[in-house]
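The next block holds one structure in the form of structure tokens; read it before the comments.
Chain lettering (A, B, C, D and E) follows the sequence in which the chains are written, and residue indices restart at 1 in each chain.
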Amino acid sequence: MFRFILAKLVRAFLTILLVVTFAFIVLRMSGDPAQIMLGPDAPQDAVDAFRARWGLDDPLWQQYLAYLQQILSFDFGVSMRDQSPAIKLVLERIPATLALTIPALILKLCIGIPAGVYAALHRQSVADRGVIMASIFGFTIPSFVLGLVLVLIFAVTLDWLPSGGQDSWRHAILPIATLSIGGIGILARFSRSAMIEVLGQPYIRTAMAKGLPWRDVVWRHALPNAAVPIVTLVGFMVGSLIAGAVVVESIFSWPGVGRLIVVSVANRDLAVVQCLLLVIAASMVMANLLVDFAYGLLDPRLRAKPAAH
Amino acid sequence: MSILLDVRNVVQTYTTARTMFGRTSEIRAVDGIDLTVREGEILGIVGESGSGKSTLGRMLLGLETPSRGEVIYRGNPMPPPHSVEWRALRAHMQLIFQDPLAALDRRMTIARQIAEPLEIHGLAKGDALRNRVAELMAKVGLRKDQANRYPHELSGGQRQRVVIARALASAPRFLVCDEPVSALDVSIQAQVVNLLRDLQERERLTMVFISHDLKVVRNICDRVAVMYLGRVVEEAPSDQIFSDPRHPYTQALVSSIPRPGQGLSGRIVLSGEPPNPANRPTGCAFHPRCRFADAQCAATQPELQRHDGHLAACLKFVRARQFAA
Amino acid sequence: MAFVSIRDLRVAFDGVRVLHGIDLDIGKGEAIGLVGESGCGKSVTWLAALGLLPGKARVEGSVTLDGQQLIGAPRSQLEQIRGARIAMIFQDPSSSLNPVQRVGRQIGESLRLHRGLRGAQARTEVLRLMDMVGIPDAKRRIDLYPHEFSGGQCQRIMIAMALAGQPDLLIADEPTTALDATIQAQILELLSGIRRETGMALVFISHDLGAVSAVCDRAAVMYAGRIVETNDIRSLFAAPAHPYTQGLLRAIPDIDASRARLVPIEGTVPDPAALPTGCAFAPRCPRNSQLCQNYAPDLKPQSAGGVVSCFYPVEADQTAMSQRQEVWA
Amino acid sequence: MLINRRHTLGLFGAAAGSLILPRGLRAQGARREITIAVQKITNNNTLDIWNEQSNVGERVFFPNLWEGLILRDWMGNQGPVPGLATEWKRLDDKTIELKLRQGVRFHNGDELTADDVVFSFSDERLFAGTEPAGGKTLYEENFKPQSAKELPANIPGIARRLWPALRGVEAVDKYTVRFHNATPDVTLEGRLYAFGSQIANKRAWDEAASYADWAAKPVTTGPYMVEDYRPDVSLTLVAFDDYWGGRPPLQRIRFVEVPEVASRVNGLLSGEYDFACDLPPDQIATIAAAPGLEVQSSTIWNHRISVFNKQNEIMADPLVRRAFTHSIDRKAIVDALWGGQTTIPAGMQFDSFKTSDMFVEGWAVPEYNPDLARDLLKQAGYKGDAIPYRLLNNYYTNQTPTAQILVEMWKQVGLNVEIQMKENWAQIHDPEGTKGVRDWSASNNINDPITPLVVQFGPNGEAQQKRDFWNEEVNQLSVVLETSTNHGDRKKAIARMLEICEREDPAFTVLHQNAVFTGMKKDLNWKAAPAFAMDFRATNWNV
Amino acid sequence: MSIAPAVPAPRMITRIRLKMPILVIIAVGWISLMVLTAIFADQLRPYEITRMDLMARLAPMGTPGHWLGTDELGRDVLTRLIQSIRVSLMIAFGATILSAVFGTTLGFLAAQFRGWVEHLVMALADFQAALPFMIMSLAVLAFFGSSMILLVCLMGFYGWERYARIARGLAISASAQGYAAAVVQLGASPRRVYLKHILPNVASTLIVSMTLTFPEIILMESGLSFLGLGVQPPQTSLGNMVGFGREYLTRAPWIMLAPSIVIVLTTLSISLLGDWLRDRLDPTIR
């Protein structure tokens, strides 16, 4: 098991390294950081000082190494807009985003998976077709259309819920609904096909031949096996908790990471963008690690072989 | 008969790398085999799954390079895989697989698949190609109107005929049949076995016939080698090996063949499973399952030795008669 | 009265009929073989009887167990029978076990279900069963997962699982097909041993006539969804009456004879969606006539014992004579 | 603690009262709180008046937060009124002396003194040692760094744009200051009420740990002070009860950033917000139709213009640029996109010029004459090569639609203009690649023609700094306008500058006057100023 | 023999058509309509795409001459919609094909060479999966500026790692045993093996993946356009129309409605077709 974990960690580290490199390349290729960071009005001596401080006159590989060193010491630079540390800006926003994405994830899991499983168990029934259609509708409607329509209905016409902002839990209802509907569709569809696949496996027939009640066949034999592929998708959703609400946050003026991304990108706030890239990639990689470990728990075949063998 | 292939002390080890940094473990699939294949004969190779028979077959064809030892084809060593000479050599030797459905491209008509070796080796073009394909199809008993069928539209036996036709397209001299009839129903099995026999006789092919089905091997082969855990434990002419097996393993194999109408009487039922090649027993690999084994067997690995026409690797030299009683 | 009695069992998938009226009786403690080539309906018969076919299958006819009708029975009633009265093991043991559950738990599940055993009691019984089916070192291996066992051992676990419910009838669906010759022999030995000890009835489904003859008292030969011949095992092999049975026997290479030419059955099994009008075997039968092509024969008792559905059954003496004909064209 | 004791006690009192009083009564006794939905709170994430030089900054700064020595008459003609200074007089062409209002308190309780004024125009705060045009710096001792705070690099540049020749501020006594200029300047008073020249507390600067900390909560004298600022999210201003102008009428003003127009409108409709700013004219009808809501519209002292780039090979020819100016049907744009709610001004002039008799009568924007434009293009030998048009996505109200209309109008006369969408100003100004036309606006910050013409197109104007435009004569005229004290010369200079910049060697062309539309609850009975600034002082609040 | 001797290719088509459920037929009909619209956009649209009539702004649906109304600049919504369909389909097709080709090639390379090539490809795939695509696109587009070519190329990276993984997996399993091993054994060159055998065989799985990616790319482009980084005016795309039309949701809903419906129906149709194809073609499902 140790080797398994070590290998996964090495893989995760490599991925992060690639992301760092990507950030470095994009940021270095997109113009002179000194000009961008200091603004077009900066006096020449300020530019020179900046270049010297960040080593912009060194060869590129040296800059890259320096950059890596800087990242390793958790120094992500300061925002060009108000000189505050980029990592602070990013961390400040994460709770707000999680306040949307975690409930949305729970909704996705609680509605999407049961719906998909139900559909798979009642294949070709009206309910099955209903689930398929609803789920496809769910994820084909662009979230910005859905969000605006929900606001129009529930905030403007019915006046039940606020239309935007972040003052109370009621403000979160519409963004969470908008966020979850697409995910519910995807998860329902995915769970359905995973479940159908599992239900066709010989061991299900074995369990039935044992005389196991159908409910137990589903709960004890089908679901634990169907969970393996579903976990992959759920892992991806967990990984997107931090970065998964860009559009929805814009519609509902929700001051989370998504808004920060859009604003920083629009302002070319390099330090913040790079910090965001890293934080998001790290969260994604963490989620992948969790998925890998979850695989190990769910599917003994994927565990490293015990020494006894 | 002249020697077509000479296998000299070949060893094949696979290293399994589970992870990027994990310790690699070695599996000896083939563990020191000397064997000759003579021109025009049918050599049978039998053994349980995991005994290394398929690996040996692939090395005979040069599809794999042994990690030790060498395979000499007509006096020359095998060229390294995927080299130009190696590719050219493919026209001279062919493999027939166990599962014809898997061995055929399901998105190509059978005529095109039969034509492939001819195209690859530039043996025929245009009308000549079409004629040759038609000729091959007739030879293996496929109807003309089946030329444009896809593999899934044919029955199992017909598919195996397609595979055979394709193997024969480049007029090879040497054929390795790896479990060619195991996936087929009994009634069809007989059709294919007959076909292989007829072709072998008609074309004077040299053939290595790998199978775990001893009845078929008995029926088609001139000579049989029995493998256990990567080694040949017994080798003898077909008639002798079945009527008078010497090695205890061969004896068990022969006795385990279910005979219609004979029940379970007179069988030697081996206890235990074939051991894992990654974790082979010391001494004679068969000793944990052998009813004659003693301490010596656990310590010393026996070499193949000649006993009236048989080559057997056993320290006990048990006579076959003992189990018949 | 028979223990299990199948009457006119018919099954169709998507409108294509694959079983055309099966009649079969199994007495208490009897071992019967079901023989035929792939796709002839051997397995479907028993999957239909236990209600294990997918929803799209249409099942008609009757299967009774001690007089209790199984076809169309409510699911809960079938669940009482499966495992407890009739157990079933399958061809591919490795994929027939739940890969994510420990084998001990899978066996224990049956014990809990049918014998109400739980906890330590169940564990002891699981160990006993694993011992009984010949899994060495059961104490350690009870908590392993199926992928940590070889195919033969998986089949043993399947058998242990089937025995857990102490069934009156075990249906073994090609239990040895995927296994090596030496392991096949072990499993066959195990099955007949268990039958001797427990006295349960056994239905042995296989295409391997040799294996069937090793464990069964009686055998039924199936072809294209019908039983074409039933007889006690000795007579069936000694004097096959149906030309198909005869063909099957002849096609098996003789281990004792030297390199004799084999005698295949020419042609292939018909597509169930396009069966010939008359006897389904007629197109491949050397004895077929106009009659065979137009009418399907019924199963009829024969003077020499057994039942056969053929207008021109092979007589006993002919069988002996006509061996090893050269039929290759 | 920056909150003074009295204020703290007041807060406690209010809190205690709110505990005892029943809900309805509490609402009566308490001052109102309002929420204003805006597209953007600030561009730069700071509340530093020198850093955040933008329209949106004007809205949150004035007149509620930052105050200068001289204030603007926000609700009137935008002219000067006494502010933190009660009176001022010229000592000569280069020097002005101001008497400070006594008893003015900063948000931290400090009294406003001459030291704070000196600090507000110091090297440390603004100029970072940059030289004033025409003279050496006076008070060297004022420029010793007092803290390790690094001034953002862009501030000195901005500061020198507004105060190109300020040598320094002299504290004559505690309540008297003198501004020394290096050159004669008739607009010194104007500069004192322009965007930037507002007074910050010196102690707060000294005590702040970093520039970012300070700029997030600047300590000023305004009627409202910063309670909470979350960049890109919200800015909450709370009443400063020690305000020299009396107790502010509102308890709290919350600016919330709602980037989506639809969301701002929806929030206003659903009662979530009291005000919704930055509305495009097309939304007016929807809001006006809703019960209890109204739209305040006012033209502001800012013109939308298109700026030409002379570096561009094609545009180098003034004939081509003239063709641009004559092919725009400004009336059609105003009628279609603005519902006729704004005007087409008399060239780059504002009504405020009239107060000092600097308005050139009879001047107008180039006439809409497609035939003339085609003819000009023919004379210029224009072959139809593409001219890039770097465009921001609705930074200005109606910007993208206007741009698409312009491109279509230019197409009608044969000009091949290609839109290139950009994300931010840096990309608009990026010297890489070819530039052609771009959008801008011109503001009248001082009631004098030097804003915007000299400030934006003069020698140190952004147009010249970014190399969009240069013209020797314009630069000479700029010096006249900036330094001459002769009214006749100055008026001649501005007339000539208009001629050059709009006709002879066009630097830009005026499209229309800008207007702002603010949706609000009708019962608030509040009036919008002709500016981005929103006045929430007692004089403009009657609820 | 029960199998009729027919020419296989047309038979496949008939079989597919005959067994298609009504819903899938409708979906295919809609997709064909969209593709035809995209191809003949120039002939179909009644006006120039930038033709504006400032006097006839925000005309409602059903206005004579403007079936679907006009937008905020008095441009014909139908004209814009037709052009949008062309642009969006072009982006989605271009990007889908790019990512399929790119991913499949890398997957095959990994399968053929194994070793460090495989490690590299898989590391890149991990990287791609670790960085949410939306975020990556935002960063790249913002820093390099948005242009149609960059947009298509960027979108062309969307989902490549899925193709790479699928292609690698299928190629490895194909060459481990079965037809590919058989052909190698016949002496075929790797090029022949991959192009003539493995590719046609994995094509169905890849096509199914493409039907999954395609709607995602349409939605992704819409999202980017919504955030102002997608297709730029005066050019138009479905997402861009929705993005700019959202301000008029209450006042002139038709501007947003028409492209929204097209997006939903198109992605819905492709998803339906993809699901159905997968059930038909993917042997692992059955």
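Everything below uses one rule, namely that a residue touches a chain if its C-beta (ideal position, glycine included) is under 8 Å from a C-beta of that chain, and two chains touch if they have at least 3 such contacts.
Worth saying up front: this structure is predicted, and the values here are computed from it rather than measured.
Each step here moves to a touching chain, and the least such steps from chain C to chain D number 2.
Looking at chain C and chain E, the chains that touch each of them are A, B. In this assembly, D is the chain whose CA centroid lies farthest from the centroid of chain C.
Centroid analysis (C-alpha atoms only) places D farthest from chain B.
Taking A-C and B-C together, the pair of chains sharing more C-beta contacts is B-C.
With centres defined as mean CA coordinates, chain B is found 52 Å away from chain A. Inter-chain spacing, taken between the CA centroids of chain B and chain D, is 89 Å. Taking each chain's centre as the average of its CA atoms, chain A and chain E sit 23 Å apart. Taking each chain's centre as the average of its CA atoms, chain B and chain E sit 48 Å apart.
Those residues of chain E in touch with two or more other chains are numbered 3, 142, 228, 246, 249-250. For chain D, residues touching at least two other chains, in rising order: 260, 262, 423, 427.
Of all residues in chain A, those touching 2 or more other chains are 11, 31, 148, 152, 156, 250, 265-266, 268, listed in ascending order. Interface residues of chain D facing chain E in the complex, by the touch rule stated above, are 260-262, 265, 280, 282-283, 285-286, 332-333, 335-337, 393, 400-401, 403-405, 407-408, 411, 419-423, 427. Against chain E, the residues of chain B that register as touching in their complex are 20, 61, 63, 82, 86-91, 94-95, 97, 99, 102-109, 116-117, 120-121, 145, 148-150, 153, 163, 166, 170.
Residues of chain A that touch chain C in their complex: 123-124, 201-203, 205-214, 220-221, 224-225, 228, 298-301, 308-309.
Against chain A, the residues of chain D that register as touching in their complex are 43-46, 128, 130, 150, 152-154, 156-158, 210-212, 215-216, 230-234, 256-260, 262-263, 266-267, 269-272, 423-424, 426-427, 429-430, 466.
By the touch criterion stated above, chain E contacts chain D in their complex at residues 50-52, 54-55, 57-58, 72-74, 142, 145-146, 228-229, 232-234, 244, 246-251.
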